[in-house]
Amino acid sequence: MSDTTVRTRKTSSWVQNPLVDFCLKQPTGAVALLALLVMLFAGVFAEHIAPYNPITNDLAAMLEPPSAKHILGTDPFGRDIFSRIIYGARTALIIGLSSAFVGCTVGAIIGAASAYFGGKVDNAIQRCIDLMLSFPLIVLALVVVAVLGRAVVFGIDINLILAIAIPIVPQVARVIRSSALVIRNLPYVDAARIAGYSNTRIVLRHMMPNLMAPYLIMLTAYIAQAILLEAVLSFLGLGIAEPTPAWGLMLSGSAADFFDEAPWIVIFPGIAISLAVFAFNLLGDALRDWLDPKFKT
Amino acid sequence: MTKRRQATEFAGGRDALASATPYGAAPTGAAGPAPALSTDLLLNVEDLHVSFATDIVNVPAVQGLSLQVRPGEIVALVGESGSGKSVSAHAIMRLLPRTGRIPKGRIQFEDRDLLALPEEQMRDVRGREIAMIFQEPMTSLNPVLPIGLQIIEPLQFHLGMSTRDANLRAVELLRMVGISDPEQRLRQYPHQFSGGMRQRVMIAIGLACNPKLIIADEPTTALDVTIQAQILELMKALSRDLGIALIVITHNLGIVARYAHRVVVMYSGRVVEQGEADAVFHRPRHPYTMGLLRSVPRLDRPRSGQLETIEGLPPSATDPLPGCRFAPRCPFRLPVCDTPPPLAPTDAGSLSACIRAADIAAGKLAWRKPAAVAAEAALRQDAAEPALRVRNLTKHFPVKTGLLARTHQVRAVEDVSFTVERGETLGLVGESGCGKSTVGRLILRLDAPTAGSIAFEGRDFAQMSRVELKAMRRKVQAVFQDPYSSLNPRMTIGQIIAEPLQVYGLAPNIAAARERVVSLLNEVGLRPELADRYPHQLSGGQRQRVGIARAIAIEPQFIVCDEAVSALDVSIQGQIVNLLEALQRKRGLAYLFIAHDLAVVRHISSRIVVMYLGRVMETADRDELCERPLHPYTKLLLEAAPIPDPSVEKARAPQLIHGELPSPLAPPSGCVFHTRCPIATSECRVEIPVLREIRPGHSAACIKV
Amino acid sequence: MLRYVANRLLLAIPTLIGVAIMTFFILRVVPGDIVEAKLRGDGAQVTTDVIERERARLGLDKPRSEQFLDWMKGLARLDLGNSMWTGRPVIEEVAARFEITFQIALMATLIGCFIAIPLGVMAALYRGTFVDTLIRLFAVAGLAVPSFWLGMLIVLALLWSVGSLPPLTFTPIYKDPAANLWQLIWPALAVGYRFAAVLTRIVRSSLLEVLGEDYIRTARAKGVIESVIVRRHALRNALLPAVTVIGLEFAFLLGGLVVTEQVFSLNGLGRLFVQSVARHDFTLIQGMVMLFAAFYIAINLVIDLIYAALDPRVRYQ
């Protein structure tokens, strides 16, 4: 029995690379990716890039406006703002990436499992999720901070990461659950059940790979949210502690007292936060647009 | 004419319209005598080209369509997916999406060229002089607006009618399309209507301004076959009585045969043949038309050995061939077919785009008959336990209509019993809501029955141990309806087929697995290179073959085919049916073939079970059921299914089912069919008929036979 | 319909109980003691039995289960107890600050809607054009800019242009509308921008989705003008999801104005919440959490009722 194959356009293998394909199809996403790579670079090589030490005070150079010596000026303690922003990138990335990753992954597993098992398990998990979703992100984060206090390990505040990750879990769980429910009812999952595969295999091999798209999109969105939340918590004094450079911290405390005289001490850290969150959001949008038509069956 | 004058003209004409044949009167046979056609053309499409602009290149969708429609005529535009028939209709209405382009062509409607009209004037034409009815009645009406508003909208808009007058006209329209209690219904919302009723509402909207032409794009494809017959008869009656021309777009040749005066056959964006229905059906002059007519299973002919099919796959739209598009699949192909063929007149009075039309006419070219197959008698293995025995199977689904409301039961399956012998095919037929899919799911153990027993090879599921149940999984597999969602989009074809081999340890290492995958692919007629492709790179027919390969990979003995060919093009359906039969012969498989198309079911099955609203209505051997049906529902099903032969259809006066499907939440008392049964009496309301054997091997659940 | 409302209210009770239990026990796990913080916080020298007496007064010496029962009994009487820090009833503390936060939230919501709905509709209708790109950038920027930083920028701008900061004391709107609005418009703007950004995206994507639906094609086939199609057919369907978002975001604003209040030195609920967290003032935290949860449930109910009013599919089952 003859069967002609479907004609596929010949493309060079170079373009087949997903990264290149993404950059070509989503130029805004490519720009965002570039910006984030810059941020990553700054965070990793902060010691080599920053002109000054971010922590040492220099009271002789308090509140100096931007000049050739201090590109973005100095803060109330005489510290170079540009250097603090560069080091702050490291803090933001560490906290943002780890809390978003932990929150999204845990949330995705819970959501997928809840959808797959259905019935009473699903109902119970749903109730818990609903309960936790009754509070705004920040309220939950505050509660967790209040409960856990501070636990600094290797210079990183683990509890802060948890405080940001935990409120993310129910939000991600809910979205992944609804996607997973759709997948669960598709015939190929039925086929896997009919073939007698174990539940583990079905969830891991058949459902999870098809949930990658919403997962990745949410991940980028929540990295952005996490950075923002870290800024808010630091601003409130419940996040990163002095003297560690953190963008949110740079906007609070003594900055609040002096910013009317020396606006640069708040303008530049704020721009840094905005740009980072902006870039991650754009990346998430571009990812969603890129993934959507390609894997649409 | 000003709008005001048109409105008053309307008022005068209302009486004429009111006396139009209301639904319910006996239909007058098939297409009937052709209406007194004026020679003036209502619509003249000349050399229409439509393409879509994508990022890369312009994709041609229609190339050179020419079409004529006279007032009052019914023209059918026939083709499979990708033929461009739907795009043509949208182009006539100038409703193409943003990426649509019309680089060439002329659409002459009465005295105007529609393509040259400015948009405001085209808007005047739309809905007033040309109306369009779409395929999906469930989504074609705005869910948040009452249907009265949606019907009077064109009246107010085009004719300037006052709301009061428009509402009166709307009531009249609803009555014309056979909706009872129209004044009440005006205020209701679309979700309160069934699919068939919504399509009637769509027709009412189309009729509102008394158009001269209605274009119906697959108007009944999404409906059950009995409802389909109702809707088509309605449209035909309205066309005849009101003198409205119809362009019906469809892939169903039976519908064409029953209703159309003239037929236009399209393939891959081009017209391949067009002419009077009689000529095209009885004297086709293009290989595609010939192949199409032969590959549709027919209820009025004895079952042939194998379905004759058109080989190969539909062409890709993005990479069109020069020359005749059908050439790769054409058994009469010649080298000269690489040049674009013109549409030329034939001896039958039709037009054909085949260079060899004269040869066909002279009878020199005949469609290859499929190889004869060994007699089926060898299949039945006697004195063996039946592969599957179902007894009194019942499934109720609890449904809560509100949080504090009581839980209602949907009686999806009620007291169903049948047997499938080894190596044979049992067809399970019925319309939506009959429970056939649920039966399939129960047998596959995707759901648990509420009552009743299912026994596989003599062993009841309920009595099997866990080990036995696991082993049973290997023996019962399934092929699903939708080729697009039955394969995991993230796995390659090779991985999909190899997975069951790995899980059941049937392939000791990767090389052995690969070998088996290749041999399975060969067995289902696919080339081994496809093993590294992903599902979205394959066509629907190819994906369905992969699904079959996956199902047979672990050597089952029983396969549930749940609407396995319903979502495929007609020319591909035949291929898959033949494949299933070949596999059955070779491997001794038993099938439960679930479908709603009686003709296909009759072809593939040895015995047939007819279901309605969860219960079995009739069980018989396939020929016995189709030639001498006992149950009134089966008779109506057979009447409703149109046969692709205009002369046969002309001689029939099909009896139509009346009423709507009752809600499964509250099935009728006694015989569930009595609310729509032509021979029901008061006893039928009381007594639930038992399935009893009326003739040997032929049982029916009706107290009247 | 009445039954539906009664239904939902009945369902609310177990949810509230769940919230109460969760909050209570989580807080009790917290290290740190309010009495210590309050009495010894300034470095004052206080003897141990003063501390013990204070603890007894606040009921902190009883076993946890007894404290819980006391509190639940209080809840049943709708008595949320007294703040452990100030001694005043929780209700009083909340009521004093409720008006400010509520008004800012309301103004932010209104600003958000007035900006977002027209912008979202325009972005959808002019999809792919320069207008659309501009609006989308505006929306994404709104998500990125921290609202408290925006607040700071607004304060700076005010200083440079007008030369003075907004007043610090709160005057209710009925006493002096001009002063009231002048004080609260700025935090409302800072928060409202983010609200508008979120809503614009949702309105845009919702309208785009609706415009691709089959019934819009039917309307076009009837020859209806595009503006009528958008107004009569598309908008109602498209705004349904937006209603949910507006309601939920409004509810969240009440709890989430924390930092903005800090920037503008406003004595609102957010600030109270942060203070009570820092002070481990259990009763106040519990009380505020319960109130917030109850409010959230009420808003959800209102949203569902509005939905039922707008969407006939919900009304007629």
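Should a chain be cited, it is by its letter among A, B and C, assigned in written order, with residues numbered from 1 in that chain.
Note that in this section a residue touches a chain if its C-beta (ideal position, glycine included) is under 8 Å from a C-beta of that chain, and two chains touch if they have at least 3 such contacts.
From a predicted model like this one, the values you see are computed outputs, not experimental measurements.
**Student:** Would you identify the chain whose C-alpha centroid lies closest to the centroid of all protein C-alpha atoms displayed?
**Tutor:** B
**Student:** Weigh A-B against A-C on C-beta contact pairs and write down the one with more.
**Tutor:** A-C
**Student:** I'd like the Å distance between the centres of subunit B and subunit C, where a centre is the mean of that chain's Cα atoms.
**Tutor:** Centres of subunit B and subunit C (C-alpha means) sit 52 Å apart.
**Student:** Could you work out how far the Cα centre of subunit A sits from that of subunit B, in whole Å?
**Tutor:** 48
**Student:** With chain centres taken as the means of their Cα atoms, state the distance from subunit A to subunit C in Å.
**Tutor:** 23
**Student:** Mind pulling up the subunit C residues that touch subunit B in the complex?
**Tutor:** For subunit C paired with subunit B, touching residues are 3-4, 6-8, 11, 213-215, 217-225, 232-233, 236-237, 310-313, 316-317.
**Student:** If you look only at subunit B, which of its residues touch subunit C in the complex?
**Tutor:** 93, 95, 123-128, 131-132, 134, 136, 139-146, 153-154, 157-158, 188-189, 191-192, 202, 205, 401-404
**Student:** Hey, which residues of subunit A end up touching subunit C in the complex?
**Tutor:** For this pair, the touching residues of subunit A are 127, 130-131, 134-139, 142-143, 145-147, 149, 224, 228, 231-232, 235-238, 248, 251, 256, 259-260, 263, 266-267, 270, 273-278, 281-282, 285.
**Student:** Which of the residues in subunit C come into contact with subunit A in the complex?
**Tutor:** Those in contact with subunit A are residues 15, 18-19, 22-23, 26-27, 29-32, 140-141, 143-146, 148-149, 152-153, 155-156, 159, 165, 252, 255-256, 258-259, 262-263, 273-274, 277-278, 280, 285, 289, 292-293, 296-297.
**Student:** Once bound in the complex, which stretches of subunit A touch subunit B?
**Tutor:** Its residues touching subunit B are 1-9, 186-188, 190-191, 193-197, 201, 205-206, 209-210, 295, 297.
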